[in-house]
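Please go over the structures that come below.
In the two assemblies presented below, subunit A is common to both, partnered first by subunit B and then by subunit C.
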Partner chain A sequence: MEQFRKKLRRRVLLSVIFCLSGLFIYVALIRITGAPEYTKGILFGVLSGSLTVSVFNIFRLMPLLQDEEKLKKAYIAETDERNTLIQKESARTVLSISIMTAALAAIAASFFNPVITLTLSANIILIGIVSIAVTAYYNKKL
Partner chain B sequence: MEKFKKKIKFRFQLCTMYMCSGTMLYFLLQRLTENVPDFSRGMLTGLLVGGDLLAVVYMIRCCVLLRDEKKLKEAYIKSKDERNNEISKETMRTASVITLMCTGLAIIITGFFSITVSMTLFADLTVSTLIVLLVNAFYKKKM
Partner chain C sequence: MEVYRKKLEKQKKICGWISLISFFSIIPIFIICHFNEHAVSLIHVALVALVISLITHSSLKKALKNDEAFKKMYVRDTDERNIQIGKMAANSALFISIGIFIAAAEAARWMNYRAVSLTLSLAAIMVTIIYMLSMAYFRKKL
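For the complex of A and B:
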């Protein structure tokens, strides 16, 4: 339980660091690079989205650190076998569906725009490479 | 073991069906899409050849397993192996997270060079996130 408390504290700290560094990187990127308006919009969107999630995370975790009962509940939820199993099973299905959807989209897009097809193909290849690399890692580790 | 044998037979039949329907679909698309750019036609041919090759390799593997009892047993043990299953699950979970993060980064980086690529990746990320939510909801109900 004490380890879980430390883990939560580390998460809060990471969120705070992320908020501050995110703001700093955003300002630096906008000043240094002569990014087009679209890219500036993307950067702002990514920053505001990430900041919202981080702040939400901090507000969610702080009460847990102060209330022992809530901390216990969170600990049970986190170590729950069923939740872990659901996550693992869904990840397996998600990856298969994502690859199939991207492949279908790549075929459909080839009739309209080759750039989109190549982008989606590159994405599928990336998933393949990552899967092979991670499998090799877990084969060694487990 | 008998169930596993049936499963292999079923997979063999699926591959045969896939090859036949894929080839039919290819010729149908070739006829229907005469004004389509050469790139698309080439891609369709590439997909058909790639898919058929994979199916043939898998069919050969299934044939070997169905004829050799010893190899079938080995394959059965391998498919039931807890460690392999655990590796597969862990791999998919980690690979999903890494891929999502890479796509997110790629959206930002490609934003500096090409809006089309960036938008495509953004759409891909959105669809992936939706799939994650739907599949999670499904498994929460099912398990």
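For the complex of A and C:
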């Protein structure tokens, strides 16, 4: 339980650091590089999205650290075997379905646009490479 | 062990059908697509499917005939550690891939590759939707 509390504290701290550094980087990029309107829009979108997630995380995690009952509930929810199993089974299924769908879409797109076909093929290759790399990592780790 | 043997026989049959279909689809593809560049890309797909299914078919055939190879394959497929590694790797690979898709979509938008950016964004959205659906499915099932 103490480990979990430490983990939550670390997450809150990381969210706070992320918020502050994100704001700093945004202002610095806009001021220093004098980015055009389009780039400013993209930067603002990325920043506001990640800030919202971080602030939401802080407001969600702070009450858990103060209330023992809520902390226990969160601990059970996070370490529940069933939830973990559901997540892992889903991920495995999703990977296979995504690869098959992307392959079919790439074939269909070959009739209309070669760029889309290439992008989808690159997607499939990327998923394959990441899967192999992560499997090799876990093979060494476990 | 007997159930596993039946499973392999079923897989071998499916591989055989896939290789037959991909082999006999090459000529109709040429005729339907009137010998244009689409025919070439579709034939590439058919050839890849043919090669993969033939390799799988031959390895399954070898495992079904040779008892030693069958035992090796059985241990590899039913080993708890391997299954656990596969599940964990799929889980990590999924989130890493989504992250890379989003980052690549943003980068492509920055470089004005509209088609690439849209394809990658749609791929990320599709994977997320499939993940949510399969989570809901496994929540009901498990």
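Methods note: the second predicted complex is superposed on the first by the 126 of 142 C-alpha atoms of A that agree within 3 Å, B and C clash if a C-alpha of one lies under 4 Å from a C-alpha of the other, contacts with A are read in each partner's own complex, and residues count from 1 in each chain.
The rule is simple: contacts are C-beta pairs under 8 Å (C-beta built on N, C-alpha and C of every residue); 3 or more make two chains touch, one makes a residue touch a chain.
If you're wondering where the values come from, they're calculated on a predicted model, not measured in any experiment.
Once the complexes are laid over each other on subunit A, subunit B and subunit C cannot both fit and instead clash. Of the two partner chains placed around the shared chain by superposition, subunit B is the only one that A:Leu43 touches, whereas subunit C remains out of contact.
Once the two complexes are laid over each other on the shared chain, residue contacts for A:Thr33 go to subunit B alone; subunit C is not touched. When the two structures are aligned on the shared chain, A:Arg92 is found in touch with subunit B and with subunit C.
Touch criterion not met for A:Lys73: it reaches neither subunit B nor subunit C. In the overlay built on the shared chain, the residue A:Asn139 is in contact with subunit B and with subunit C. In the superposed model, A:Arg82 lies in contact with both subunit B and subunit C.
Contacts of subunit A with subunit B, set against its contacts with subunit C after fitting on chain A, overlap at residues 39, 42, 46, 82, 85-95, 97-98, 101-102, 107, 110-111, 113, 115-117, 119-120, 123, 126-127, 130-131, 134-135, 138-139, 142.
The touching residues of subunit A, counted against subunit C in their complex, run 39, 42, 46, 82, 85-95, 97-98, 101-102, 107, 110-111, 113, 115-117, 119-120, 123, 126-127, 130-131, 134-135, 137-139, 142. Subunit C meets subunit A in the complex at residues 38, 41-42, 45, 81, 84-94, 96-97, 100-101, 106, 109-110, 113, 115-116, 119-120, 123, 126-127, 130-131, 134-135, 137-139, 142.
Interface residues of subunit A facing subunit B in the complex, by the touch rule stated above, are 33, 35-36, 38-39, 42-43, 46, 82, 85-95, 97-98, 101-102, 105-107, 110-111, 113-117, 119-120, 123, 126-127, 130-131, 134-135, 138-139, 142.
Touching subunit A in their complex are the following residues of subunit B: 33, 36-37, 39-40, 43-44, 47, 83, 86-96, 98-99, 102-104, 107-108, 111-112, 114-118, 120-121, 124, 127-128, 131-132, 135-136, 138-140, 143.
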